[in-house]
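Two complexes come next, and they have one chain in common, chain A, joined by chain B in the first and chain C in the second.
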Partner chain A sequence: MSDSTRREFFERAGQAVCLTTLVGAAGLVVRRSWALDAWAIDPNRCVNIRLGVNGPQSVCQKCAETCVLSLSAVRAVNDHSQCGRCCICPAYFDVQSTVGPDGLPSKKLCPRDAIVRQPIGEVDPYDPLNNYYEYLIDEEKCNGCGRCVMECKDPAGLGSIRLEVRYDLCLRCNRCSIAEECPETALQRCGADPQPRSPLVSAHA
Partner chain B sequence: MSHRCAVTVLFLSLGIAAYGCSSQEIESAATGATRAPGVSSAPAAPAPGVAESLAASVQSAGPTLSPQDLPTPVPLTADDWPQFRGARRDGIADARGLLRSWPAEGPEVLWQVAVGQGYAAPVAVDGKVYFNDYDESAGQWMVRCLSLETGDELWRYSVAKRIRPNHGITRTMPATDGGFVVAIDPKCEIHCLDARNGAKIWSLALPQTFDAQIPPWYNGQCPLLENDRVIVATGGKALLVALDKATGKVLWQTPNEADAAMSHSSIMPATIDGVKQYLYTTLDALVGVADDDGRLLWRFPWKFNVAVPTSPVCLDDGRVLLTSCYQAPTGMCQVKREGEQWVATELYQLPPTGWNSEVHTPIVHRGYLFGVGKKRRGLWTCLNLDGSERWTSDRKASFGLGGYVLADGMFFVLDGNTGQLRLIDAQADQYVELASAKVLEGPDAWAPPVISRGRLLVRDLKQLVCLNVAGPAAPAETASQSAAATP
Partner chain C sequence: MRPQAEHCWKLSRSLAIARRPIGASGRWRRRERVFSSPASLVLFCTFILGAVLGSTLASTSAAQEVNYSRPVAAAPQPESIGADYQLPAVQHVPPRGQGQYALDVVLLVAAMAAVAYACHRGRRRMLVTATTLLALGYFGFWRQGCVCPIGATQNVAASLADPTVGIPWVVIAFFFLPLGATLLFGRVFCGGACALGAIQDVVVLRPVQLPLWVDRWLGKFRYVYLAAAVWFAVQPAPARDFIICRFDPFIGVFRLSGTPWVIGVGVGLLALGTFIGRPYCRFLCPYGGLLAVVSRFAWRAVSITPDREIDCRLCSTACPFGAIENCRASRTACLACARCFASCPRQHAVWNGETACNIGPAPLVELSPPPREPEEVLV
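Let's turn to the complex of A and B:
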């Protein structure tokens, strides 16, 4: 092999190595940025969460129905620091059901009986409708259908219950099947390390 | 936020006062003196035909006051706002000569006082302001009397009462004729006081007397004071009762055959086909009760949900508008007398997506309905009487659950979220805003504004504020033009 041929060979080989390295690195970057991205629900887009949409007729159940998991990775989550602890929670009770002699609606709202209601603090038996209650969501049962979320917001609720993609359950699919179906494009990539959830926009005109 | 306070108070106050344990004292602001009026252990004598058990539960202020010791009502003027929604309970003040605009910073603030968390609006008669309040640190429920001119406290009536916040604590207004002040506390005890000094004349606990259930989120009913009677809904053993203003004795009671619970609605007086009656909404019906003996005249089934904070709106021709929260339908019924029979029939019911008012009772003006609608988070709305929308404040302003009052051809409407006060032309055929200013910090500026003597009283969760809205030319000038203001 002549000197020039050898030089050419090493130049070509170097270029090939650089190219392979670059492509590999780019592939890794793309793979990291797509395949490992988490998905999050934008609360100001999701109809179940966002303010100004009310009533059971407006509930969107796509999160419950279109996740690749048999029990959706989207669940209702109650932020207890924001919860009013009402005796009559419109997310727990079906407020359109008949009120019984105990002053409580006769039916629950959740179709999967996934919300547990338990009294907290002092219980005043003489004023049973003004005691405090904690509402816990049983994540073994909840499928993220969003009915409770629709009720727990202005004007009847304080917005403490939201739908969230549970990162410990989510597979981080390359293309989230809920995002494909979401009518509000509310499911969005939020990077490999999801940020704390964003506040609701309350201004309205 | 109220729920945070709720939990704090819950833990701070564990084991303090047992339910039903109450003592009472009156503080005179002028002297700083505290005196106990002395609650009589002797029950008042029962009224003819009324069960002794009812009369026995009325507590009077020591020895029964002789007629000459009882306070004397003052003649009400167009400047007075004596009870919920004013003298006619229509939400319309007869004030004239009010400011039609103000500088960017808003009307002049004359005074402001700190109040306990709640939504209780004041009443104002004869230059005095009366309102329900609660001192969380002391566990005292109060009726406070202030000077309208200066905001100085003239007296306060206090009762030890443990009330944990449940989306606020106070949410109702007293009723007064300038002599008597009648208030219902959150736990549904009625207190009748002497307007001169806050001394208790009598009190009556509805849960103990009538087996009434304290509603969720506490009492929301404002008492009706008419001449010598106090009319309230009780639930339990009775539906409505009329009480003697001077003694608290039961004059009549309406049997509660449907076993209705007390709602958050307030009783509205009406005259339909020449018959004076009281309208009231339970959780599943609108009822009409005869003024003379409390008999049930008619009952119109209507499905409300969980709570009814609004009150029925009766038009001159016997039509009654019903609207409420929790997705209950808005609708209109026609009440009329056919011979000896009363008939109430549905005229329309709006679909679930139709307009509704969540907490406030709409105002009828120029043959239209006005109010804040729930749809799209609280648009100011003008409706035809058939429930169809004429116009809204869409893209211009929203009001959350803010309250409102009509005076001098203008609606004074609060944005319940921000405390922004907007002045809206009540004569225009579209949304026309005359002025606007942030007058409260918010949040939850839900109490309806009150106008008296050119003063506008507004409050949020923490402050009661008095604003000067009297125009320069004719301060506090008034004229009784109520007939012209209603259809």
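Let's turn to the complex of A and C:
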């Protein structure tokens, strides 16, 4: 066997080995493939959404603090079809604060003042308790700290506000820094169909 | 009034102290924290009083009928809110569509095809530069570095080790397509499609040649890094870590945010890269290590000259990456940047259409002898 044919033989053999390895590995991996590449918060794992942690002082702020973006891609989202439209919303007002002359708590809960409250429907100007209120979250201000999410849940609220990944902002980091820091591994790479509004499995104790 | 006052007292006590829902419907229990102060308690008592009075008066006068049944256990819907209230759009944004992922993959393939064409057929550095800049813009600053094949190595390793770890199909495509392209045409991914390579390629200003042994030995570190990355990726879930992504030096530059010291390393590598060509690609990139192994068996290797070597060594001095040894391109080290073409005299002669200058033996030019000075003028 001359030198050039030997060289050619090794080259062909190497090509065959590489090709086999690549195709084999690809075949193994493809069976576990997902359609989407997105991070989603599992509401039943998030300590702010899930029930069991009490009070704004024990709020988990990892979503606000650890995202690589300066303003986190995780934001609070109010699903208006689930909102109780309370007059004294525990996610809007700091219900621990003193009550002002109008009968409403004097302080707001959101440290960034990102929630806008306005009466809707047929407004009764004399009795604030007789009105429905709409709570719009200003997504430009919200940084996903989770205080309102912590408050709007059983027994005070209906759980309409949840933390969600905003897919127009999320960079889909391969190694999500929030997921690395999440105490409950609530932020997970979602599969074929992300369902951030899935119902909570546990009731409040 | 006596029974109502008593009712109020019981309510306040059970709400503020026992924190227990009142009544079978549990309709008051969402108020419990509101009544921590006396003023709100008074307000609430008035509220209850009004409700009871209203309900008693309702039988006699329909005009007094007021719905005081909030707070409610279920969310009020637009028909009960009235006044033609429209639900505002919930601020959901759907995840990135399949079409956009497909666009990423198509652009990756197109970039590698452009570099392969430039290196094997077109023989133009210009095309590689254009591809590099586009890749830097799109994969780097627009998509902000994710997804990239370098990090995808860890996803593939984790997915192979742990069957429960899913992997998006776009990550699979980004991992295997450059390897396949390398098996065909050499490291065309490194040449123009890689955003991390592109950002280093644009800062290569005054490259110096490293001694060959330094290049070789520092290049071994890629495999150490690759082994460490795979090792951390195949750990079970709590200990799993993607160190390539954690210590990616240029992602912070793309995003203009991130861990300060990692950005510092990235900027330092870029500064180093002005005189040592692409230090991350040559000495650190784990995926580059994989590509180097595969490129040894590439179907088509990059040839420096279009026809025959004249061993002028101009290409060796032009290559910033030390990929030309003894006037021949090393398949594994060549990053398919096409810089050597620009410096090759044969390339200029054969490829740039300058055949008029005739590369064969130089035609003899009859040099006329210098005019002789008249010597015996004054004699």
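Basically, the second predicted complex is superposed on the first by the 160 of 205 C-alpha atoms of A that agree within 3 Å, B and C clash if a C-alpha of one lies under 4 Å from a C-alpha of the other, contacts with A are read in each partner's own complex, and residues count from 1 in each chain.
In this text, a contact is a pair of C-beta atoms (placed from the backbone, for glycine too) under 8 Å apart; a residue touches a chain by one contact, two chains touch by 3 or more.
The structure displayed is predicted, hence computed values, not measured ones.
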Comparing the two partners chain B and chain C, which touches a greater set of residues in chain A: C
First (chain B), second (chain C), both or neither touched by A:Tyr126: first
First (chain B), second (chain C), both or neither touched by A:Gln118: neither
Touching partner for A:Asn78 - first (chain B), second (chain C), both, neither: second
First (chain B), second (chain C), both or neither touched by A:Gln15: second
Chain B versus chain C as contact partner of A:Ala156, first or second or both or neither: both
Partner chain(s) touched by A:Thr5 [first = chain B, second = chain C, both, neither]: neither
Partner chain in contact with A:Glu164 - chain B first, chain C second, else both or neither: second
Intersection of chain A interface sets (partners chain B, chain C): 81-88, 90, 95-96, 98-99, 103, 105, 121-122, 129-130, 132, 155-156, 158
Residue ranges of chain B in contact with chain A within the complex: 1-4, 6-7, 10-11, 14, 19-20, 164, 166-167, 187, 207, 213-218, 259, 261, 283-284, 305-306, 325-327, 352-353, 358, 374-378, 395-398, 400-401, 417
Residues on chain A engaged by chain C in the complex (per definition of touch): 11, 14-15, 17-19, 22, 25-26, 28-30, 32-38, 68-70, 75, 77-88, 90, 95-96, 98-99, 103, 105, 120-122, 129-130, 132, 134, 136-137, 139, 155-158, 160, 164, 166-168, 171-175, 180, 185, 189-191, 194, 196
Residue numbers on chain A that touch chain B, as the complex places them: 51-52, 54-57, 81-88, 90, 93, 95-96, 98-99, 101, 103, 105, 121-122, 124, 126-127, 129-130, 132, 154-156, 158, 202, 204-205
Complex contact set, residues of chain C against chain A: 21, 29-34, 36-37, 39-40, 43, 47, 66-68, 70-72, 74-77, 81-83, 85, 87-88, 90-96, 98, 101, 144-148, 151-152, 154-156, 159-160, 163, 165-172, 176, 179-180, 183, 237, 241-242, 245-246, 255, 257-258, 293-294, 296-297, 299
